[in-house]
Structures are given as C-alpha cells and as structure tokens.
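Quick one: this structure, given as structure tokens, is what I'll be asking you about.
Chain lettering (A, B, C and D) follows the sequence in which the chains are written, and residue indices restart at 1 in each chain.
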Amino acid sequence: MIENKFPGKDITSEDLKTKFPLCNKKNKNHKTVINIDGLKIGANKNIVLFAGPNMVESYKLMTSVSKELLKNKLIFVRGGAFKPLTFPYRSKHYYETREKGLEFLAYIRKKYKCKIITEIMESKYLDKIGDIVDIIQIGARNMQNYPFLIDVAKTNKPIMLKRHFGASLRDLLGAAEYILNEGNKNLMLCERGIVAPHTHSAVSRYLLDITAIVALKEITHLPVISDPSHACFNSRWVKSLSLASTAAGADGIMIEIHPDPKNAKVDNLQTLNYKQFRDLLKSLKKIAKTLNKNVI
Amino acid sequence: MIENKFPGKDITSEDLKTKFPLCNKKNKNHKTVINIDGLKIGANKNIVLFAGPNMVESYKLMTSVSKELLKNKLIFVRGGAFKPLTFPYRSKHYYETREKGLEFLAYIRKKYKCKIITEIMESKYLDKIGDIVDIIQIGARNMQNYPFLIDVAKTNKPIMLKRHFGASLRDLLGAAEYILNEGNKNLMLCERGIVAPHTHSAVSRYLLDITAIVALKEITHLPVISDPSHACFNSRWVKSLSLASTAAGADGIMIEIHPDPKNAKVDNLQTLNYKQFRDLLKSLKKIAKTLNKNVI
Amino acid sequence: MIENKFPGKDITSEDLKTKFPLCNKKNKNHKTVINIDGLKIGANKNIVLFAGPNMVESYKLMTSVSKELLKNKLIFVRGGAFKPLTFPYRSKHYYETREKGLEFLAYIRKKYKCKIITEIMESKYLDKIGDIVDIIQIGARNMQNYPFLIDVAKTNKPIMLKRHFGASLRDLLGAAEYILNEGNKNLMLCERGIVAPHTHSAVSRYLLDITAIVALKEITHLPVISDPSHACFNSRWVKSLSLASTAAGADGIMIEIHPDPKNAKVDNLQTLNYKQFRDLLKSLKKIAKTLNKNVI
Amino acid sequence: MIENKFPGKDITSEDLKTKFPLCNKKNKNHKTVINIDGLKIGANKNIVLFAGPNMVESYKLMTSVSKELLKNKLIFVRGGAFKPLTFPYRSKHYYETREKGLEFLAYIRKKYKCKIITEIMESKYLDKIGDIVDIIQIGARNMQNYPFLIDVAKTNKPIMLKRHFGASLRDLLGAAEYILNEGNKNLMLCERGIVAPHTHSAVSRYLLDITAIVALKEITHLPVISDPSHACFNSRWVKSLSLASTAAGADGIMIEIHPDPKNAKVDNLQTLNYKQFRDLLKSLKKIAKTLNKNVI
C-alpha cells in the first residue's frame, strides 16, 4: 500500500550496470590514474595537493604563492579567475579578475612551470584556456548543467567535478557519466561539503561528507579529492579535515592559501597563511607515509 | 574565539537592502502581478493552476489535456519537451520529445488558445520559442546557472524560477536578483521540495518546504508557486499538499495530470488521472474561496 | 556489492504487519477517535485546537486564557508546568512553575471546566495528575525514552506523543507501538518540526514537516496534531502554517497564546496575542468548513 | 523586519560563559583526562579503543573477545546488555541479554581484568553495576533524558555521552552541562552519526559528523570518542572512518567486533571479524604514531 518505486537516490547493483556503466569499479584494483606530465593523480602512491588563493588577484600574489609551493616541492596551483556569485552585485566579497586572472595564471605556468587547476563557468572560455589550464574545475553550482559538462568533456582536458552541496552520490555519479560518455577519461571527483542540519551555525558552513569519500572510493574507479576549505569556511579546521580526508582514502586535497589571509580579496576566513600551510603539509606527509603515499 | 562571520545563509535586514534590493518587499501591500493576456498571477484574487503531463508526448496527449482543462475552465498548460536527465542514457523513464514536443505545445496554444509554461534548458532554444511559450520555466538544476538566467531574463518573457532542492532561500533570492537585474520583472518563484533527513524513504522523495512559501511571501513581492508533484513523487499526496500550499499562501500550484498515468512515459507515480484532478480542483476551489481567491 | 540490508528508516508493507501491528490502518475508514467527555478528537467532523501559554505562569494568566478560549467557544487549554531545559541553568528564558503550575491548571479545570493538555517529563508525577490533566503530552525529547512511554501508557489517560525533531516516521511509529502495546488506545501523534538544512536561519527554527502529516494519515489510524508554534518559532507564520496543516489533513492544531506575548516568561517569539489568535481562529473555521469539520 | 532572536543552535562566545560554563575550554591546553586505573583517556598521548560485540551474548563470546583484545594488548571491552529497541517487539534483530548480560561482563572483568564500557538505560540499574562497569555509556536516545543524566552523574562513575542523531552540538553540550553540574567530571562525548540528506541509502545509515569532532575539540576540554560502526552500519567502511576520526583529533574509537559477525545476534552488518579488527588496529597505530599517540 505505501511502497513506491520511484527513481530514488539509492545506488543498487543494477544501477551500477545501467546507470553507472563508465564510472563504476570493475574490480578491486580498478583505478583511474590521471597523468599530468608524469605527475600521477589517483595513483596508489600519491596524494595531490592543490593549493592557492581563492581568487587570483595579481601577478604579485600568484608569484608569491608559486614560490611558496616550489619551496615546498609542490607544483599544483589552484586559483579562481571566475567565481560564482550568489548575487549579481559586485562587492569586496565578490571580486573577480576574470580574463585578467587567466593572464596571471598563464604567467606563473610559463615562468614557474606550475600546473594550474581553475574553475571555468561558461563554454565560451573553453577555447581560450588551452595554454593556461592543466585541470578544469567544474564548480558545485554547475554540476547539473549537463550541456556545459559535455562541452568541458570535449576539450579532452583533465577535469575535476565538484559535488553540489545538495546532490546525492547518485546525482554526482550521473554527472560523471555525462563527462565519461564523451570519451574524456581524465576525470576526478571532489567532495566540498553538503547541506545538513546544524551546519548553519558557528560550527561550519557546510558539512564535509567524509563518508562520501569512503563510499566513492568503493563504488567508482575515479580519483576523489576533498576540499575542506569551502566546506567548513574556517581556517582553524582545515588541517584536521585535510588529515581526516586523507586517512579516509582521498586521493588529494584542495586548500586555500594566501600570504596575508586577512587582506585576501575573498573568502579570507578559510584561507591559511604560509605558516599554517607548512604545518598542514608536515602533518599531511606523515599521514601519507603511513598509507605508503607521497604528497605531490 | 569560536565565532565566524562568513557569508551565511541567514537573511538579515541589511541583506534586504544590499543583496536583495529588487526582490524584497518594500511594504506590506507590495506585490508583483504578472499579467498574461489579462490573466493575473500573483494578484490577491487568484490561484493559478498549471496542469499537464510531465512530458509532452504527442499531439493526442496534449489535445486530451487541453480539452480536460478547458472543460474545467482552466487555460494554463504545463508540459516538458526537455527534461534534465540524471544520467546521459535514455530509457523508458528518461524520454524526451525535445523540438517535436515544442511543436505539440505550439499546436494546442494555437488551436485551443492555451497558455503554455514549459522548461527551457539551453540558451540556444530561447529564440525559437517566442510563439510557443507564455512562461519559461527554469528548472531546479539550472537555478544557479547564472549566465543562463541572464539569457532567459533578456527574452522579456514571464519566468518561473524553481528552487534547487539543496538551495537556501538566500540562494534562491540571489538567483532571482540576477533575473530582475536584467530588467525582467515578470518573475515568479517555485518551491518544489528540498533534500532533508528521512525523505529518501517510502515517505517521499523530497520534502515540500511549505514554511518556505510562508517565508517567501513575507520577504519578497514575487508570486510563489508550489509544485507538490515533484516534491513527493506520490499521486496520493498531491491533493493534500496542494491544499496545504494554498492555505499557506501560495499564488499557484503546478501539478502533473495525464489521462492514463500508468502509461505515461515518465514520472507516472506522481501523476493524477482526470478523476483525481477534478477532485483536487473541487477542493482547491473551496479553499481558494475561503481566501477570497479564484482558481484560474 | 554495495547493497546493504540494514534496518532502515523505510516503512515497507511487511513492516506494517510486523513492526506496526497496532498503529497501522487496517482499512481506509479505520480511525481512532479519542473521546474526552463527549469531545471527539480524530473524528472526521472535528479539528481540535489546543491553545494556551508556553508556561503556566500564574492563576491570573490561566484565568485570562481560559476566559479568552471560552469566549470563543473553545475548551482545550495547553500550558506547560514543566519544560525541558537544554541547559541546567535557570534563567528568564528557562523558567518553570512545576508543581505550582499544576495547581494553576487544576484551578482552571475546576473553575472553568477547561480540558487540560500538559507535558509530563518524569514518571514520579504521573500519579499526581489524575484530577488535573485530560491529555498527557510526551515531549519530543522523551519520544524515545521507552520506559517512560510505558509508564505513561499505564495511566490509561489520553496521550499526545510528539515527534522528536531528528526522528523518522519509523522511529515515531515505533514509539507509538510501545504505548499501544500497553493497551492504551487513546493516543494521538504530533508533528512539531524537524531538523533540516536551511532551517537554522532567520527563516525558522525547525521545519514543519507537513508532508509527514499527510503520510501519517495514510499509514496510521491515529489522530495527528500539528504544532506550528514550536516548529517555526515565529508568531507571524503560525496562522499560515496552522491553515496549511489543517488543509493537509491534521486532526488538530496546538498553538501558543498569551494576553501579552512580549512579557511572556518563555518563548515569546512564537506566541500569539488574543487579536492574532482570533484572526487565526476565524480563518481556521473557514478552512475547517470546506473540509466539513468543526473547530472544537 | 524579518529577523528573529530565538534561542538558536549557534554557539556564541557569550554562550560559552552562560550556557557552557563547565564544559568550555578555558585555554588551549585545558583538557580533561579520565584516569581508569592508570589508563588515561583524553590525554594527549593516547587513543582509546573500545571494541567488542554489539550484544554481550554469552560467556563464550565475551571470553573470546577478551582474549582477542588481550592478545593485541588492549583492555577496554564494549558490549551491550541492554539495547534500545525502536519497536517493543522482540525479534532476532532485537535481542537483549539484560541482567544475564551484566553477569557476562562481570565475569570477564574479574577473570581477564578487562575494563568495561556498557550502556545503561534506566536509573534502577545504576546501583547494581558498581563492580561490573568502568564507564557508563548513555545512548543517543537518552541524551536529552535529563533526569536520567543526573542520576547517572551521581554514580560518580566515568561516563560516555552519545550525541543524539538529531542533536546540534549546542544540544549535546547542554546535556554535558547537566552531568558536569552534578560534580561528575569524568565525562567524555561520543559522535555516532547524524541524520542528513542522502544518508538513508546504500551509502550509509547516518552520516558520521567528523567536523563535529574537530569543533568539539576546539570548544570543549572533554575527550571526544568516535563511533563509526553505528554511523555507517557498514563493516567495509569502519576502518577508513576510524582512521579519519583519529586524524581529525578524536581521543578514541568505539567499534564492534565479533568472532563470527554473520552469526552475531544483532547488528552484524557493521561488525568486524578479528582479521578485519587486527587490520584496522595496525593502521590505527600508524596514524596514532604520526600524532605522537599510543593506542590503548
């Protein structure tokens, strides 16, 4: 009487075959490895660390961040030139450098040989970023913008797809299938916090769903990245959540760093300064070592 | 020590001025009325009823639905030609008529003078629908696809913007500002269910947030529509939730009807047959009357 | 591979027989009616209105409230003598009259023949309330305090069991079975808001789960009451949510009223003054009439 | 206009003084250490591991578990004699040994010198457990049963208070204050999963709120334990979530083990066999070492 058979949010064994034919894990050792000039993401041996400012503000900032990463033998730089704005009105908190920002990224990529991961939000920019971006980030708000997913997939660039804060794993993996179905196999997923009761408080902005990391590593062969900075919006907690994500099995961590977070143009609350960054890195390497992994 | 001041999901009085300058209610009687050939949505006197099949399957189906509505002195037809698919793989459950479907809608609009509300998912279709669509529906998954919102706004067509199932009211109203900021004032909002604990069960698919209807009517001057069909995915509950939404202050209801729901191509679980539809309409008119409103 | 068969929160047809043998509805017309001196709760013909202050502060307050209800031909008085306190520290906001409060209730029950519904939180008070209380309210926090449920059931008094804000319907109905299993059939359920994303904001404290009212009326024969005051904590919204609950099928409404809410000792934000109360009652009667029901 | 000042779920600096005077951290190094015969819980140097079956089924089972733990140089045994049952009907899944179970615990405590942590659900058992129990566990469902909290506190035994799956940290810490306010300082908290969207699926039963562990370690001086077994209900994920909790800063882990989980009387889905247990322990020790901690 009361049972429905609606298309639910559960993932059944049957779904794995019919709904997730491309992202599901065929056997225990089935893992996608994304090779970026010899740097392997998703490999059993590596934890990738994407670090950088929320917004690529200037040549000066990006030079500072690049040098800091290189000093620590890291090479992947994250940084946004475009930023989805909840409101159409620009303010101090909703500052974007846009095309100018892409130039800053191109500069450090050329000068310091950094590898760049950055969010692209519109198809029209996709043909302008060939020499600028190594990994295209699809933001949470675009996770279900399927025509856009297809356009990004067609670039054949490596992609990081972020989970929408309201999306189930079923929704996320369905979006992943759109990308894989275009023949682009260089896909990684990113957990960045979900809406949940009690998150909208002093405690945290979203709730980092670390169980999802464990579940995704079991269900799919794709690398899984954790973004604790955007989940908790609290620089004091980024280290602990990064270590926890790594211990849970994440293939990488994306964090925000800035030489002077208090004066960062956006999202300064969750951004680490260099001292905090090095402290995190030191602990991250220790955890990685217990898992027989290296931080790259 | 533990307090953060991140951009939260709360809506403060200050936000009303700086973040929601266009959608916030300036005084108690400030209400947007959308006039579609003399039919007024958002007017104190009317409850608008959008009814029709989930998918516009054929001329035959749309003729049947149009006649059923006209027989009941209703004129607004809902029906999807495009449908966001969680997975890229077509199946019985994920059937779309696309351009062909737009023809079916054009046909009943011309023949029966029906008013059409339908979802458009890509900007490229916007210049093809001038003679087909009276109200453009922006689906939940596109709520935060801001470039698309702007493109839709520029058509100057009336718009119904659906709340994403993971979005706060702050997120929803921010998206509304994008549309209003383009000068398109004919905007209505739609609550269609949110993710919440205990919804993913026999009980319902999403949780229809009727409190949000009450809140939106207080905060904003925009008309608010309720879509109980997609929220609960359960045809037995659509009537009660429609009545509840109306009693809570909704300016309209969007439901799915079909002459033979069991054989509907998609989403047949939440679809009402004509008998159930007339029963709902009868009760809806009674509730509307207590509120001094007419069902249009 | 990924499927588990844990005892979930779903309610299956099988569960109805084995887990909910006493509360499940045996046929469409199977309804429990609770008869309190001829006043029938759960009867198709009635909406019961429980109104009164959050805390029974004084003889004066309870006299005022009783007179206001009688003037409006109502007789059921709600009012707390005991109040679960989130913290052990008493303050203006966490004021209890306890045994003294029970005396105030006994007084109006005798003098004005009011019917009393009040929360009891400890078994030791159960044998002191025979002449004071007509309906024992079990609060949300005690919903899963099973030994206490059994003790209350044994009094053979009518009971209103409130849903915990984190409980599924399965949890709630399991608790109901504890009471019914003791042979006490005079049980009604109460929805009073659940934890959900986006509730912890200006918008509302908990989210009133009106879909749960619809679901419970389908699954169970027990009367279902709605408590919008505690859900939204916002006096401006209590009317709309009361009407919505009634339209959804609730058998009754529990609200907080006070002659001077600003000076109420507790929970003054959601409390209606008498003018607001009469306005709500007027509209409630109209909605009730469309459902062929009377407000008692 | 739209702002309310209801008693929210936020924790403000002011709250720390007035609502959480006993549990809040007075300075960075302020930490409660619970000393059980020289074994220190909450000490910077230790991770405590509570392991054992869900239900203490027999002498034989408890002997087996005790020997397994001792073999691994562990001494804390968890095991339930009482188990809160969602329904009043006993079945294979809802089996309790009750007083008999307490005897099994007393036996291994005497014979193997194990330290016992077990849930007590009613005050009447509190004076019978002096020689049986080292730590009294208060279950999630009793978290807000304040009279019971006070009774347990008065035993002066060490206590582990579990967070209700619907409770905010504010609710949890309020409950902690009830215990501390009775003068019992030997209190630890336990995170065991919360209700959240998308948890009621193949993915997991509750969502282990690892962010809460980080938050609690910042706000309070009390030791924090993580119970991944009850959160995820999935033995394959217990190891990863245990490591993640430890990396996040938990002072201990509570897990379920059984020599033959398939034949465990209750909750066999989340229970580890001895091989899985040793594998978890090996990894846990490695993570602990990176944090300069020992597993006890």
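Note that in this section a residue touches a chain if its C-beta (ideal position, glycine included) is under 8 Å from a C-beta of that chain, and two chains touch if they have at least 3 such contacts.
Bear in mind that the values here come from a model prediction, so they are computed numbers and not experimental data.
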item: Neighbouring chains shared between subunit A and subunit B, ordered by label; value: C, D
item: Identity of the chain that, by mean CA position, is farthest from subunit D; value: B
item: Distance from the mean Cα position of subunit D to that of subunit B, given in whole angstrom; value: 46
item: Computed distance of Cα centres, subunit C from subunit B, in Å; value: 33
item: In subunit B, residues with contacts to at least two other chains; value: 2-3, 8-12, 166, 168, 170, 194-198, 200-202, 218
item: Of all residues in subunit D, those that touch subunit B in their complex; value: 1-3, 11-13, 16, 166, 195-201, 218-219
item: Touch list for subunit A against partner subunit D, complex; value: 8-12, 166, 168-170, 194-198, 201-204, 207-215, 217-218, 231-232, 236-237, 240-241, 243-249, 283, 286-287, 289-290
item: Residues of subunit C touching subunit D in the complex; value: 2-10, 18-21, 84-89, 91, 93, 121-122, 141-142, 144-148, 164-168, 170-171, 174, 177-178, 181, 194-195, 197, 200, 202, 205, 233-234, 269-270
